[in-house]
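There's a structure below that I have some questions on.
The chains carry the letters A, B and C, assigned in the order they are written, with residues numbered from 1 in each.
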Amino acid sequence: MNAIQPKSEIVMPRMGLTMESGRFIKWLKQVGDTVRSGEPLFEIETDKSVVEVEALEDGILSQILAQDGETYVVGAVLGYLSPPGSANPAQAAIHSESSTPVQGQVQPSTAASMAAPAKPKASPAARRLARQLGVDLAQVIGSGPQGRIVAWNVQTAAQSISQPAPASTRVSPVAQRLAADLGVDLRQVKGSGPGGSITRQDVEIAYQHQQAQVEPLSLPPPDTEGIIEPLSPVQRRMAERMAQSFSSAPHFYLQAEVDARNLVALRQSLLQPLESRYGVHLTFTDLLIYFTARLLPRHPLLMAQWSEKGLVKFTHVHLGIAVDTEQGLFVPVLREADKLGLAEISRQRAELAERARQGKLLPRDYEQGVFTLTNLGALRIDVFQAILNPPQAAILAVGRIKERPMVENHQVISAPMFTLSLSADHRVLDGGKAARFLSELVEWLENPALSMA
Amino acid sequence: MSTRELTFAQAIREALDEELARDEKIVLFGEDIGAWGGVFRTTEGLYEKYGPERVIDTPLSEEGYVGMAVGIAMTGMHPVPEIMFGDFITLAMDQIVNQAAKMRYMTGGQVAVPITIRATMGGGRSSGAQHSQSWHAWFAHVPGLKVVVPSTPYDAKGLLKTALREPNPVLFFEDKVMYHKIKGPVPEEEYLIPFGVADIKREGSDVTIIALSRMVHTALAAAEQLAQEGISAEVIDPRTLTPLDEETLIQSVCKTGGAVIVDEGYQRFGVTAELAAVIAKGAFDYLDAPIERVAAMDVPIPFSPPLEFATIPDEARIIQAVHRVLEGRRPQ
Amino acid sequence: MTDHKTLPIEPTLLIEMYRRMLTIRFFEEAVFEVYRKGWMPGLAHLSDGQEATPVGVCMALRPDDTITSTHRGHGHIIAKGGQVEPMMAEVMGKVTGYCRGKGGEMHIADISLGILGANGIVGGGLGIAAGSAFTAKREGKGRVSVAFFGDGAVNQGLWYETANMAVLWKLPLIYVCENNQYTEFTHWKKLTAGEGLAARAQAMGMPGVEVDGNDVVAVYQAARQLVEAARRGEGPATLVCHTIRYGGHHVGDPGTAYRTKEEMDEWRKKDSIQRCERLLVESGIFSPQDIEATRSEIEARIQNAVQQARQDPFPPVEEVSEHVYA
């Protein structure tokens, strides 16, 4: 860099009376480009709107300091223009100390020090989530200050299929967000930013290419008549998890029929009082949750989980309830369901289901479940076998209650009945243990007072 | 339950009035609190109503009348000495720290010291370095004392009445600016607020702002502004430092993942330091960003307004701290 | 030679005074032994030599009158009726002590006897005593509050602040200054301007009386006058008693570096207990055998107290956070 040549500073402009800082989005020119006065030179974001900022004079963009996604105070130097006709400056983008992000943070590092530290910097919340969701922090890129990994980075990593780029490639937070939203595999993206870093533009380009490529799941090419609809992150997640669950956990299935007469009577007797006293509408699912939650502590292996290191045992009965929504299948969790009264179960279940439908579930709502209940009775399904919700070892599928003939005291009578199907992970449970749970559950459902023993 | 709007000073005055009527063992001491009605009008009319035996004008002898109050408390009455400017409390430190706080313990429980020391706090009035300080942190550091820092007329009245029934030494800090500038609803019926119960002044989900005294109002104003940016801030007022409601603070930060602690005492080794430590331990696995502290700058409080206001926490500094806590943490 | 018909004081009173002074003297000597044998933690501040002042003053008080004491407080406490057993236990830090071992030798208190605590801060009891006087006046039963302090406290600001309010509000407060000549290791005259406390008290508007602090009868009579006046509502007063401490500032200080042998010998000639014994014998109240018997009895009681306290338990650790708050 020829220091003798006079350079003009490119600064963060004040775009409004009260503006004190702005978020730098991206350069619209590359180092070495000729720039003319009035030409758009870079983009910034202020008060939620993105604006293009023009060059104030002719010149050659000789040095850039500002990084995508970082915030700078008004007046901060973002880069330099060399006078027109000066020698083409060296390509190396040295990020010096003169551009100061707001609040005097530690400066962006040079290319050499962009290599990820041996131990990734992550907030305690991020670490906890990484443990719970089984995410390797070394694979996660942080969007927090100084590249700290924060909670939503871990959540994003767990939800999306995009594997983060190798740690040595820097990806701007904007690019990372975009990649997550679009489902772009950052390993496949070529970085054109300073030091080979990946910018938002790079991700957009990669996305276009990706759409034209073969599906990552190796299926025969689709019929040319069909229209390809890109998968939403939720759809991708479900597809991946179900495939992984079904192929890794050896499933076995137990089925039992339940005489629902007493259960129906119980619900009938409680319906009005619960409505008037607690304002909740009692469903059969609520009753199933109640009994299942209270039974599980007596059969703790149903709540355990397989891992290479050994069986992971849990004692808190966090029960997942499958909820069908327009966006797909969600499994919000009722925490410590065995400690909740029936009215509280009903209230929480309804609230979680509603939030699931509105897409407003928080990580806390679907984390840490140890057992899942899924009920397709409302959709007229008599019986079905569910796939385990990984990493859980058991899932209970409930069919619809229907008047059916049954034999009692050698007589054929008609009674409301429904079928329970328990799917279990044979690495954790054997037939006997699973059967004992299911049979005791059936006993309780047929004779609810037994649960008080 | 009917309420009326009272200023912070009026609420305090009402608490004193009601308690003087209820318990003849309560006696007020202070400089110019009697015939003059108090320089901040917090004892207005009480001298006329209860006479010079219950509302006593003292000489300028903070150590003397606070020390005397310790003896009065030890011999069966409940004195309420007032420190006109909290800065002067240093003159009475030995009586508060070495005598009042320790008498019960040193005597093996033989005696109780029911003394309520009312002191003022807070700057922002160009009163200079010796008339603008907030010393509640010092006393929270002394075993044997209880420290109360109300932020609203409702809280002030309920907490002061509790203090006047408390058999232990209580430091009750009143912000000077709030006396006549803050108004709020106060029920007509009698009520007490127990010590050790924090109050969530505003519910939120993105960040926890903990604030005391006048800073509660500053924090609430900041929260309003933040709401317009789409940031939902929860504002919690601990109300008492000793005893401290740790659970409410910790639960909130577990929910939001980030905390900004605001106090008008100096930053170094102050209230914000203690609360940050409590949260760092209690909410460790749920912290998604370092805890931020916004307190008075560690310089003597200047006289000239632009300088003074640069040292006292304001909305802008709180908002900046919230931004730092949230930086890079949410998908846009 | 005086006989008891012309004694300025009741014989029974004099005997009680003698007994209490002996108790103080033997107690202090016992504590010194306890310290030397390593049977107590920390240090002790002993008042042997100063017995006449607290005894003379406290004999003029009612049981419901209160006193505050100093870091050198064993004498005040015994004079006001404190028992040697719980005192010795407190010195050793045992749970059977007056303060369950939590106060120690410098902070002994018995609220039921009106002893509002010995105090480790010089002048620390002055505010408390003034407060007790305030309450006493409010109660209207003629109760009086006495503040004991030394020549060192004379220059603490708190004395002047409380004295001002005591005179202003006519509080029944008696300031008793035990001038034992030395403020820690320095003679008081090198540290105190003017004529001393009595003159200062008068300047503040209250009587300031000086008395021979080693003459228990003189102390009693002077104190009685001031106390009765205070009871009648005439306001506060100050009594300055000139006396001496035989020991050093504390048990680790021999007291010889800053005092000469001649000086101490002079003081021993004026020993308060010897003078009292002489008075008792000369006025026929006690025979030399009575003297001997009294001494033996009290000495034995104190030795028992030492042995008992040594066997008593320390407070359980679980108690450490009790009694912080009521």
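One rule holds for everything that comes next: contacts are C-beta pairs under 8 Å (C-beta built on N, C-alpha and C of every residue); 3 or more make two chains touch, one makes a residue touch a chain.
The model shown is predicted, which means the values in this text are computed figures rather than measured ones.
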Two chains sharing the most C-beta contacts | B-C
Based on Cα centres, what is the most central chain?
-> B
Greatest centre-to-centre gap (Cα means) from chain A is with chain C
Taking each chain's centre as the mean of its CA atoms, chain B sits from chain C at a distance in Å of 42
Inter-chain centre distance, chain A versus chain C - centres from mean C-alpha coordinates, in Å = 77
In whole angstrom, the CA-centroid distance of chain A from chain B equals 43
Residues of chain A touching chain B in their complex?
-> 103, 123-128, 142-145, 148, 150-152, 156, 173, 177, 180
Chain B to chain C touching residues, read off their complex | 53, 58-59, 61, 63-77, 79, 94-95, 98-99, 103-114, 143-144, 146, 167-168
Quick one: in the complex, what on chain B touches chain A?
-> 257, 284-289, 320, 324, 327-332
Can you check the complex and tell me which residues of chain C touch chain B?
-> 66, 68, 97-103, 107, 109-112, 116-117, 119-121, 124, 126-136, 138, 145, 157-158, 160-162, 164-165, 168, 322-326
